[in-house]
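See below for the structure under consideration.
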Amino acid sequence: MSGLHEECGVFGIIDNQRPLLSEDVYYGLFALQHRGQESCGMAVSRDGRIDCHKGMGLVGEVFSSEVLQLLHGHIAVGHVRYSTSGGSVYQNAQPLVTHYEKGTFAIAHNGNLTNTEALRKRLGKGGAIFQTDVDSEVLAYLIAGNRIHSESLEDAVVISMKELKGAYALLLMSKEKLIAARDRFGFKPLCIGKTENGYVFASESCALDSVGATFLRDVLPGEVVVCDADGLRSLPRTEEVTCSRCVFEYIYFARPDSVIDGISVYESRIRAGKLLARQHPVDADVVIGVPESGMDAASGYSIESGIPMVRGFVKNNYIGRTFIKPNHDSRKASVAIKLNPIRAAVFGKRVVMIDDSIVRGTTIARIVGMLKSVGALEVHVRVSAPPFLFPCYYGTDVPSGEHLIAKHMTTEQIAEHIGADTLGYLEEQSLKEMLGLDNKTYCDACFSGNYKDGTADGLDNDSCC
Amino acid sequence: MSGLHEECGVFGIIDNQRPLLSEDVYYGLFALQHRGQESCGMAVSRDGRIDCHKGMGLVGEVFSSEVLQLLHGHIAVGHVRYSTSGGSVYQNAQPLVTHYEKGTFAIAHNGNLTNTEALRKRLGKGGAIFQTDVDSEVLAYLIAGNRIHSESLEDAVVISMKELKGAYALLLMSKEKLIAARDRFGFKPLCIGKTENGYVFASESCALDSVGATFLRDVLPGEVVVCDADGLRSLPRTEEVTCSRCVFEYIYFARPDSVIDGISVYESRIRAGKLLARQHPVDADVVIGVPESGMDAASGYSIESGIPMVRGFVKNNYIGRTFIKPNHDSRKASVAIKLNPIRAAVFGKRVVMIDDSIVRGTTIARIVGMLKSVGALEVHVRVSAPPFLFPCYYGTDVPSGEHLIAKHMTTEQIAEHIGADTLGYLEEQSLKEMLGLDNKTYCDACFSGNYKDGTADGLDNDSCC
Amino acid sequence: MSGLHEECGVFGIIDNQRPLLSEDVYYGLFALQHRGQESCGMAVSRDGRIDCHKGMGLVGEVFSSEVLQLLHGHIAVGHVRYSTSGGSVYQNAQPLVTHYEKGTFAIAHNGNLTNTEALRKRLGKGGAIFQTDVDSEVLAYLIAGNRIHSESLEDAVVISMKELKGAYALLLMSKEKLIAARDRFGFKPLCIGKTENGYVFASESCALDSVGATFLRDVLPGEVVVCDADGLRSLPRTEEVTCSRCVFEYIYFARPDSVIDGISVYESRIRAGKLLARQHPVDADVVIGVPESGMDAASGYSIESGIPMVRGFVKNNYIGRTFIKPNHDSRKASVAIKLNPIRAAVFGKRVVMIDDSIVRGTTIARIVGMLKSVGALEVHVRVSAPPFLFPCYYGTDVPSGEHLIAKHMTTEQIAEHIGADTLGYLEEQSLKEMLGLDNKTYCDACFSGNYKDGTADGLDNDSCC
Amino acid sequence: MSGLHEECGVFGIIDNQRPLLSEDVYYGLFALQHRGQESCGMAVSRDGRIDCHKGMGLVGEVFSSEVLQLLHGHIAVGHVRYSTSGGSVYQNAQPLVTHYEKGTFAIAHNGNLTNTEALRKRLGKGGAIFQTDVDSEVLAYLIAGNRIHSESLEDAVVISMKELKGAYALLLMSKEKLIAARDRFGFKPLCIGKTENGYVFASESCALDSVGATFLRDVLPGEVVVCDADGLRSLPRTEEVTCSRCVFEYIYFARPDSVIDGISVYESRIRAGKLLARQHPVDADVVIGVPESGMDAASGYSIESGIPMVRGFVKNNYIGRTFIKPNHDSRKASVAIKLNPIRAAVFGKRVVMIDDSIVRGTTIARIVGMLKSVGALEVHVRVSAPPFLFPCYYGTDVPSGEHLIAKHMTTEQIAEHIGADTLGYLEEQSLKEMLGLDNKTYCDACFSGNYKDGTADGLDNDSCC
């Protein structure tokens, strides 16, 4: 139920035996739809030209059968983009198709550069013009510029990566090649799958499943992988890299059926629940999860504690893009329209309620209130993440400190504020155990303030994805 | 995961203090959206006229803010209609607004008359013309005809009910009144709620919650309730009535947060799961439910058996009206696009999988296959309903016998056919216990062939809702 | 430029050799689009069923290729409906498909009954219910009711016609037959065409041209024509009929390439212009017509007077349904956006300006003002119709007397009011000559108050078409 | 009826007293809609930011009231784009908003550069990337690049113009300024209007009329005009310029109510008709024009010859974007659906038919055939332009020589090919007289092959507008 959004999803496919990959991209993007609902698009390469179709809305809204039929090609990349109010415009949709001195390429990426402004300024002094707000255009400029003096497009990517700071999982399609790259910290996920005659790249492994591809491996932090008619090859990594995968992917963003960098998202959430049960035990009658992201941690809590898990809410999934939110003060809040408590499940019960995070505290207060209003005797909130305290520079849209409830209140104060009888967060030092790791090869800067790439402040966090 | 559809949902509201009830109908219908996604509509009464807006699609698609603003009135009725291929046309959308000798009324109903053809024939001989395929038009004719020689509209409803056979939960709005009626067997649900200055009627109590109304009581089988400026009153019931509520509402149709005729849908599903655990125990590692309707029975099974319940599938809810279904033979079936198994939850595990029903067996075979394909060692299917053997004449679209797998195979054969290691159905005689009843005051004709109203065969089952 | 609207257009086709007539109806309705832009629809008959597609908007908007492909059938009827603010709703779109005791038929009609209310009341007492505001539903009831005791559908039409008063040109399609009927005064036009293997009916002959049909003859006033597998036959007319064709069809409504009841619309307009030149000669430099309906009378004036005709205005035809009309007071009026004077054509010139009618005088005043503002020295307005003085009960939406400028002002006063140097109307007694007729076999009630069918007042004029 | 398309239209406005100019741009673009129906857009400048809305389709389709309300600003530019099959994509819509080192600007232009490829190559070597196919992006790069080392944006425009070859009428809007520029040959039209508190620029003067602006003057060939808070000023022209206005604007493209470079489009067409009457007289009964562009030349022919002018065709203007063209071989061609001859006007007559041009000859052959099919005794075709023989490099989409009928046939052969009794073209040397000029200050390269700027061949003619 986290109010946070960030994230985009990328999907790429190459198959020299098949000329029509658009349907695969369609289902791949559909499987990644949870990573972005604002806009989507795909570009296909065929006979030396690149065609592209983009639009505002869900994959199922933007692409018709007719459009898919027209998108022929043996290489294709797609993108889903998250939704914020500000830059929600067609112009910012991806992939971005670029014509330049050496030809044409399409770019799709997930993540947030931390030196966008500096790069934009440098490019601008050289005469660059920008038509969008997004990092992709900066990436396109850098790569196109470096390509002029490089042997190959992949070399240009390698050179460009030395100039880039921050987070990116990148797919680049030229007329002949599909190139994948991941920043040297591996903030954003990107994996490789194998089909009968080709390869697939996707932000999450669940998208491989959706097109019947077999999981091969993750793209490594700092790695550049090239696919063309000769197959798949990895470029030598010249830099020391430290894995710093985003822990919040496991807590909230990713789908539970995905495995990211060797760790099952589902299992990490089950472990989070078990850890919570050990760290914050309570005598209760039922465990419930806040749909959808709290469900698996609730299972873990239930298994560890022996308290039965039941469904506490019905979530109404018929909300489409044009759904009208209630705007009368007298009306129950928007969350109540989408989420209704099941009285029979909680009436007269002591409830453990699991959610994935608390940002401002407004939403969770309403949800706790709902449970009490239908007769829950006690509501013990358990959060499968530590308190949010610091901004994320890599793409997650964490509100500024003044809006983060944990910056201003103690856990006891928050519990009181949200109407919970008790409140327990997952301990920050447990994240390693949650992920099943021996070393701290992940980024938890939003909880710890520990930015592995040295980023501290003064960054523009606007143009993401 | 039942492939069955049926059902419509109705919602009505009267409030003499408020002129703009369209937003309430909007949220009420949204809460009933699971009962019908094909079309929806609402009619409002004000200053002696009735305005109506209908359309194909979801509530969130058919009604814009502008339209809601235009629908003024102190009485309003709304309807959501289920989706089948045949009669999926605008013309069949409800409410139906009718002008007749004595004025104007709007009608919205759920259910299937069993003597439609006879009534249509009789009316036709009198010169009636029909513009739709739906029972509502027959109802409108009957009531309008009977009104001519009656004291009041409610009297016309009472007289008409004597001529009606089959199932109906009916809302009728004239310029001054809101009238609710339920067939004498009470096949279809209909309840009454109270707002600050008025009353609400809805197919399920979850819709009362969505507008902040308090549950008052159910409309009784055979009862006619009238609301107008004088408040709410019930007409004397002249006939012996036998309650025969539809058991499949509890098993599948209704939302778990609804309470129908005094029985919590959620609790009946929990009890179904517990009964299944006692009737068909098995040694296993995890219990999973097929989303969404198998989830609560899975909880019950888990509680009774002590086997932990986990989430076995991710369901992709971003499917809108325009989503393109896979059509290549080589592609994984449609169900795989919407539902992906969580390997980490089932790999190497012995799984108990709970679903609400088996109709043709095709879908469940695919789902069992999915679990096996990601490494489930055993899959034990438990069905929270008895086998389907007979047609429903009251509105549920059960396929004809030749397509019902249980008509042709033993349970063991079905288990083998769907790839399950074992299979167990809820025993027919347990339905009473599932509902927590002392007497058989419910209809289970689709399982037992026992039609309480004497209906046997020869009926047209086409024009429903 | 008449602000009047009325009118609908009907089109029907039967061809036993061709199963897909929807494209013919499409182009036929497109040719009749000037008769109605609010909504349109078509119904097709095949294998004992009737399918129908209707919608709000232009033919080119309502029908897609996909829809046309689905509308199979060897008989088809279509309809275009005019646009007014009041009843502009989907429910009123035609054709109206009706199921009744003896089967199914579709009805499409043009015209206004004058005894609708009486018929509705009588039918209502018999239990009839009405779902729309349009006469078509009354027609359907009457015909269906009369069919029960008739030998055939055409007999039912004949019987029904005895009960109908007012104006109608009617197409009726059953599963086997296409029936055309015209009221006994022949107020509304309806003609018959011949294709290679079948027949076509249309409101105007221009629609025959659009599908490559040959004009056969007009349906006679009071005639009923039946087409089926046996070909075309006319039923004996039992009543004395007097032709009373609407003169305003020739002046304004119809397309100039149509021939109605043996009279070319184009030629009647040329004659009107010539008559005007004789009745109201003036010394001038150029003749211009107000587009589109004033153009041909302007030609006639030019030919008769020898004054050259030039184009005085550019009309902007890119106005679609969603065009935004100017709403600032300070802005030039709506007419100026659509119509711009050509300064070079009128500067320093004495202009004769021909328009088809003056209703309120507002629009023509703006147009005269435009010409003066770009330097016309004199503007002599000539109107190719007599002054509007009386209401039309047969379908034309003439404003009530208080809004008719000619009711309150002399011709000189009107000239001054609209800023014209002189003003001349076509003389009422010239209408016969304009039409090239020997007898007064036309209706000019809106000018003369002479209602041939005895209609005088007390009529509801609301539900037309 | 020319099948040629080219052309875009531009409109710009500045008014420091009014913050909401979007409605003016809306009506201005609507008046220019004949210059482009594929896509349109507008950008507004306010408080240091530039907002832009673009879309595929007509002005009335792309802009809603809501969108216009959101487009605040005291400077605004808009654009309409022509329709071809190839580059008909959103990405190519204008205005193009560009962010660069020195800020932001929006660009809208009409015309075709002849050195696009060379410029693109040069910019590409410097690292430029291109996201569209249109010249505007090249213009934006050049101007942005030159701005870095210039004093002002207008200086950058002046410098850039030295590098540009070919045709352009350009509007550039920064946060503070509106700049207009026209290539040194003045191929494309651009004029200046005055409103109460500001200035307007438009491709044609008819757009000034539509917003109530007064015509001030044309932008001169090679001139750069700047408007800002200080008013309007012209930059000194450093180069000798030769006017070379496009003669085909007068013959076909422009609206007759426009005055371009001091010449009335209407009058030039009247003169063309008179010249034709003198050069190719014929004994005939009526003169008709092919709508719309042949109408005024027909008037001229009629005036000069004394043969009366009548309307020969009805043009159906209800064709919208989604209109379905006939695709059956057996069906009458598309032109017949849109254009129907008026039999009464031509039957038994000797007809002079005026059209503006003949390109391939296919369309005119159908039109001549129509007239004959409804009984025209003779059809004498007169064309108000010389034969097309050469390509246009400045924006008009003339087909390649092999498709130009005049390249392969004599006038007599063409007459026979199109079914005309006689055929006469306007003589090439009469163009000067048609325009009322003393010197050849116009471009007639498509007729004469005389390219004033030295352009000959080897040019890419693809990326226009």
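Labels A, B, C and D are assigned to the chains in the order they are written; within every chain, residues are numbered from 1.
The rule is simple: contacts are C-beta pairs under 8 Å (C-beta built on N, C-alpha and C of every residue); 3 or more make two chains touch, one makes a residue touch a chain.
This is a predicted model, so every value here is computed, not measured.
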| item | value |
| --- | --- |
| Chains touching both chain C and chain D, listed by label | none |
| For chain A paired with chain D, centre-to-centre distance based on mean C-alpha positions, whole Å | 48 |
| Chain A and chain B, separation of their C-alpha mean positions in angstrom | 37 |
| Chain centre separation (chain A, chain C; CA means) in Å | 60 |
| Residues within chain C bordering two or more other chains | none |
| All chain pairs that touch each other | A-B, A-D, B-C, C-D |
| Parts of chain C lying in touch with chain D, wherever the complex brings them together | 23, 26-27, 30-31, 33-34, 37, 58-61, 63-65, 68, 206, 209-210, 212, 255-257, 259, 264, 266-267, 270, 295-296, 299, 302-303, 308-311, 313-314, 316-324, 326, 328, 331-332, 336-337, 340-345 |
| Touching residues on chain B, where the partner in the complex is chain C | 90-91, 96-101, 121, 123-131, 140-141, 144-145, 148 |
